[in-house]
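What follows is a group of structures, each given as structure tokens.
Both complexes below contain chain A, partnered by chain B and then by chain C.
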Partner chain A sequence: MYADFRAPRRRLRVTEELEAPLPLSPRERSHFQAELLNQHVLVCDPEHSQKIHDQGYFGKGVLSRSRPEHNISNQWEQHEGVFLPVVSQARYEELLKWVGSALSAQGWDEEAVHQTLLRLSQPIQMEDVRNQMGGEGEAEENGERGKEEPEQEGGVSPQMKRSRRGSEVEPEAKRSCSSEQDSDSSLDCDPDSDPDPAPLVPGPGFLLVVSDSETGGGVREVRRTPFFLSEYLQLSLEEAFFLVYSLGCLSVYLQQEPLSIVQLWRTFRSLRPDFISSYAVYHHFRSKGWVPKGGGGAKYGVDLMLYRKGPPFYHASYSVVIERADDAFRASPLRPFSWRSLAALSRITANVSKELMLCYIIYPADLSEAELDSPVCLRRLKVQEVIVSRWVSSRERAEQDDI
Partner chain B sequence: MATIISDEFDGHQDPEESRSSRQTPGIMADQNNTDDKGKFYSEILSPSELFAARSRSHKIPVRGQKDFFPDDSDEQKQRLEHSLNEHWSLLSEERVERLGNLVNGQWIPSKQIVELQSPAGKFWQTMGFSANGKQCLLPEEALYLMECGNLQVFHQDLPLSIQDGYEKFLSANTVSLQQYQVFGHLKRLGYVVLRFDPSSESSSYARQLNLPQSSDRAGRQLKRKRSLSPAPSSTPTATCSRAEAQEECSTEKMEEDKCSEGEEDKKLPEPPEAQSSADEGGGRSWWMMDVLGDSDKDSGHGSKSGSSCWDFSSISFPDLGSTSREHFPSDLAPPDPSLLPRDLKVGFCDIAPWRQKINLRQVKMSANEQKREKYRRRWDVNKNREVRRCRNWAEYQELMARRKGKREGRPAHLWNREVTPLHDPTQPIATGELLEKISVIKPTHLLEGASRLKDADDWRICFNVYQPNTVADFKKSNPGKPYSRMCVCSFDDPVPDLRAIKLLAYQSGDIPVVIAVVDYGDISFYTFKDFQLPTDVYP
Partner chain C sequence: MKRSELCSRRKSSVGIASSLVLPGRRTCPQVVLMEALSCGERRLGSDEEYAAPAVGVSLCDSAPLVWRMQDLRAVRAQGLVGALLGSLPRTPRQNGRLGRPLLLLPEEEGLLRERRAAAALPDRCQQDWGGAELRQKHEEEEKKSFEEQSVLALEDRKLALLRAMTGAESGATSADEALRRRLQALDQNFTFPQSAMAVQLSTARAGLSYCPEARAFLQAYGPTGAEPRCDARYQVFRDLRGRGFYLTSAGKFGGDFLVYPGDPLRFHAHFIAVCVSLDESVCLLDVLAVARLGSNVKKTVLLCSPGPDARVCYTSLQWSGMI
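For the complex of A and B:
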């Protein structure tokens, strides 16, 4: 009567190690911060986003597939003892053009833009690069790693990408220019005594520009990175609420003001009509130690995918469809099934070697609106997991085990 | 009269040689030969027909390679036609049976069963039952055997055709067409399919006691070697089920009581909290009220611009400890009388004795200390935006508390409210314990609360299915536990919701339920099984 538990399938190539199952470190007392912008929860600080992602696999980088690892280039080379990203001449000029147009859009006059671009595209001496790197604590590690690079091959670049993730946030080009000017003029970083949540990260970037083989013959020159691309970590509503409510390690700010738990609950409920059901399911699976990831809708037609430990280690084991039921177990289905759609979904799920799970959240009859307005109502809900599978009647009879 | 239907090729059929229903076995009549030119349909084969039937090719049409889309070529058209013709000819084959091998039965509409009039064949091992000393078949079994060519059923002395069989045997009282289709599908694959009888299923209480199951397939009592009570088998189970129902009702009531008690407990702590916050709110501004009172009494002398706050930037507070070289005048002028309480007269103040009491020596600092001093002088707490937003000392203290909370990992906006996080991140805890701590949503299983649904009627189990490899040892009197139970529905019916799944699970007990979905002859099977995801803790 009970479905058997099938062991999750490990991925063929596992290149990471699990840091921690959840982003908790009592000794460090780190408290993470996220902003609620335009109905999305974003973590801007790179350190926070790294910890939140790597310890529990919450969230997704906005410019990347999973963890925020957007880089100006995917190719890295060693150049005079330092590891730098490589960019072709054409691409470099394109980047410079973008900076120019951004500055003109800000209202700069042509001459100023031209001067800035000239200044930006000066070739850099390697001593400057090393000085820069030596001047900052974070970059020291980069320098050391730069020396270590020659010994390791291949698998190094993903690690380097992680350390290089410190890029700045700059939707406004003016601010980017001022920071560039800062880095032009003074090599020290201003210690920020102001505890503003401004995501300023020190450290200009350098890159290696390869001139076209026709003209320069593959000559490599070190230049400054024209602009910085920032990447945030985006958390889904359920992930953010879990970090705030269950673990107490995240705060969500709306227009610089932190939201309390009840305010966050109400905000999320207004953003999504059945937030309670989807959050209850998310919470349930997290409290079993599994990693639920949303976004399975576009790929597999379901609400959640369940991973053991995290996406880099195992293939997803279950595709979960969230349903709600009332006290008499009658469902008011969030997505009504017909046999045709259920058959289709079952086939798709079997084709990708996963199991289809329907997860029912059962609401007691006497749950009032006032109770629903606070996350304490979660204690009154119940979860029923049902595995749907297709039975083939004509399979080899000798090999048939229990259904 | 005997129309032939063969929708699947039955591998286990020997082609037998008679189509006749009434004649005695073994007679081959030649008298019909002359009339055989298509006018009169004869059921007994002429020798030439018999020979033709016997030497029929047994080849099953082979499915060639698939063409994915039409290419309007003659070759493709020919292939398709050839293939179609093969199939049509196979379908239109008349099946030839030997009279002697046909078992005869009689349809009894009053009891809706078929009574056999000649001894049953091999099928008796898994089908049929005995009643009143005779061998009988259930209507679906009879129809199936008719389609197999093993059985001939008479009604009012006339043999029934397959079409008659479908019309008469399948009805609301017996088995519906869809259920019969599933029955036939499973039987042809070799499964043993028996009807499901809910009353013969022991209740969960009886299962707990591990009572042996009785099987009365047609409602007849079977003698058991051990009987736990002298009464017939049906009544103990009935009383058991009633007692068990009462038990379940009472336990459910207890659960509900506990829930309501829990709720009451929760309600109590809330009102006192509300009160204390009100007090705090009132208490915060008591000194503001007093200041207002004073300024009113002073008839507008004290406060400028009508606000209750003084403008401290315009009031000079002398710094007696200043180390600057400027000499202070030896006495201080009295302050503005509007700043003083009423009836207080202040004159000039001689500060020389005070300055003597103060240690005005310069402190010698090392270079580091001087640098730090310089930075400290430059640092102004008021440069901070958040500090500037505080309008009074109380708000500044709140800001300090908030910062402290944030620094220590327990920010005020999370911890000083009605709903606090489930876990304090500053507390070290093992992962397993943490998962237990945050498990606030209870898992449940299918049978929980399912007894409430037992009177529902819409989803019913029809069949018990036994695996084919048990056929050799199968005993109808004691079939044992079925492999699964079947519930049949149509493809256009709604998908079972949680209520239906629970109802079926309740009816079935511990045997998995398979739902057969019939789509005009195509049958798919789905299971909805209970599941509990195991907790996964890895160090």
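For the complex of A and C:
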């Protein structure tokens, strides 16, 4: 019996454009590099992480909700011809305190820490800013002009991402003017506000501190950015293995040594006992064209969410629970359901307009441990999808028949 | 929505009231509702309440059912809600309002037994209710009713046909011929299907009272107190009932009990109680799902675990939103 297919629901506000996912052909092979650190796979290079995320929505920024976009502030303002991020006085002092505690943790004595903080919080003149920018002016200008033509790798956005250093996103910087969310929207003001050559975005290291409204009424001062945090793209184990094994465009390094496919398989199996089942499900849905996202499933009590084309475009269509079974559907399940828990899960899935799918990976009985030790065993596994929906008796009532 | 608003919202369903209409007496629904409510509001005071005449519980394959009106009232007076199962004879094809019997939760039955307020009626009493002759009488009555109904149905159809034919064409003589022919055909070919027959149940005489054997049994043996059950659900049920909450089953919400601050006819549920024993391991995704469901239906989820010293430990879950 086959279930009805319900079309995915489009999101109300779509602000991104869909790029083609990572190619399979070896000719255009781009090679990315990732590291296995503390049981996580991280892509450190910002260009690589941006490409990996944009072409297929793999991974998640460690400090962000989806793509790795960080900013020390959500608001950027133009100040004497230069675009700078804006933070409040309280936030700036908090950042300085973090620097102090980080330096003391590294063993610096109090006096040295104090001196460093004093030096860091000196007011900066705009000439210094411009001088520093002069060095990188060439690159920035090219980037700025490039933003008008979207073919050039999205114009300023890679530049902005490179120059941005992040901290945790905090909604403290609340201003009377509308807060600007992204680099995209902050770029929008650019052409409107300035008929002159577009204001240059300074390199990393400067920000605008706004004093509290009681005293100065919003006086802005330029300061040096207290510290730099670079953001990585975190890939789940299944995503990393898919990029390595199926697409062949990533290599994972463990302590500067690249791992082969079989070594990676064994490492991941040791990190997670049911890696084979979860990877088989991931591979199955990727091959069908869905974008499976693993982390967000916990919000809905499941393992995976399936998106059509990607999270920015559509709401998730299916919530997937991964189960394993043997030939006769008899093995102990990865997630044993009781009637109570299944009722709760099915009801919450219906409430958030998704469909609950149980995905069974069927292991043949004669699969030996040696076969399981390499990804070749994947071709012997079978997948069975079961959609569970809630039936409410009062909604379905047959009409009375007349004589 | 504030808690105070939740408390004062009145429920409009009067489902239980219609089932308490006693046979042979015409009462307006408001009076019956007040009757039901006054039953429900009797507080659980001292032990004298429990010494009321015992409630007879019929077991249908281990499902405890209560049939008699007085028994239903007594059960409600003790603050146990149960769930009505039967269909109402006058409005059979709906399940918005149901009638007797009342199905008790296993915890409710256990509580009644612990308070020595109920006893299970033995099976042999139910078999000796003069079943064979009653069945024969019922079948004869059914056959008679079927013949009457088929005659009436045929007349109904003829009338409808006449109305249709004379309404469509008026005055033509050929119409009369056709009419006569159609009526003849109807006479010959009409069969009244068995499935369309309306079954008449006389509720006034149904009684559902104890047979003499059952009455004798209850008088002679009386309810024997049972040992309080030691499973988690029962402990939680007893504790919450003792604090004055009314509890019903929460299968729809993926929990064990729905906890009302008062009679369910007057309040909406505040909590969904999920009973977990202390040494049971719970999958984290299950906890997340039930917490999120609770927020969606505007109820607080309570994780209840009976502790070692007969006290129950409660943890409330709230879904605070995501970053």
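Here is the rule we go by: the second predicted complex is superposed on the first by the 311 of 403 C-alpha atoms of A that agree within 3 Å, B and C clash if a C-alpha of one lies under 4 Å from a C-alpha of the other, contacts with A are read in each partner's own complex, and residues count from 1 in each chain.
Just so we're on the same page, contacts are C-beta pairs under 8 Å (C-beta built on N, C-alpha and C of every residue); 3 or more make two chains touch, one makes a residue touch a chain.
All of these numbers come straight from a predicted model, not from anything done at the bench.
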Contacts of A:65 with chain B and chain C, given as first, second, both or neither: second
Touching partner for A:286 - first (chain B), second (chain C), both, neither: first
First, second, both or neither for A:9, with chain B first and chain C second: neither
Which of chain B and chain C A:340 touches, first, second, both or neither: both
Touching partner for A:393 - first (chain B), second (chain C), both, neither: both
Touching partner for A:298 - first (chain B), second (chain C), both, neither: second
Partner chain in contact with A:119 - chain B first, chain C second, else both or neither: neither
Broader residue contact with chain A after superposition on the shared chain, chain B or chain C: B
Chain B versus chain C as contact partner of A:97, first or second or both or neither: neither
Contacts of A:384 with chain B and chain C, given as first, second, both or neither: first
Residues of chain A that lie at the interface with chain B and also at the interface with chain C: 339-340, 342-343, 393-394, 397, 400, 403
Chain C-touching residues of chain A, taken from the complex the two chains share: 65, 297-303, 335-336, 339-345, 347-348, 351-352, 393-394, 397, 400-401, 403
Residues of chain A that touch chain B when the two form their complex: 1-3, 5, 18, 21-22, 24, 26-27, 29-31, 193-196, 244-249, 251, 258-262, 265, 280, 283-290, 306, 308-309, 318, 323, 325, 328-331, 333, 337-340, 342-343, 346, 357-358, 360, 362, 364, 374-376, 378-394, 397-398, 400, 402-403
Complex contact set, residues of chain C against chain A: 93, 95-96, 153, 157, 192-193, 196, 251-256, 274, 283-286, 288-290, 292-293, 296-297, 322-323
Residue ranges of chain B in contact with chain A within the complex: 185-186, 189-191, 259, 266, 379, 383-386, 403, 406-411, 413-415, 417-429, 431, 434-435, 438-446, 449, 452-453, 467-469, 483-484, 491-495, 497-499, 501-502, 505, 508-512, 514, 517, 519, 523-538
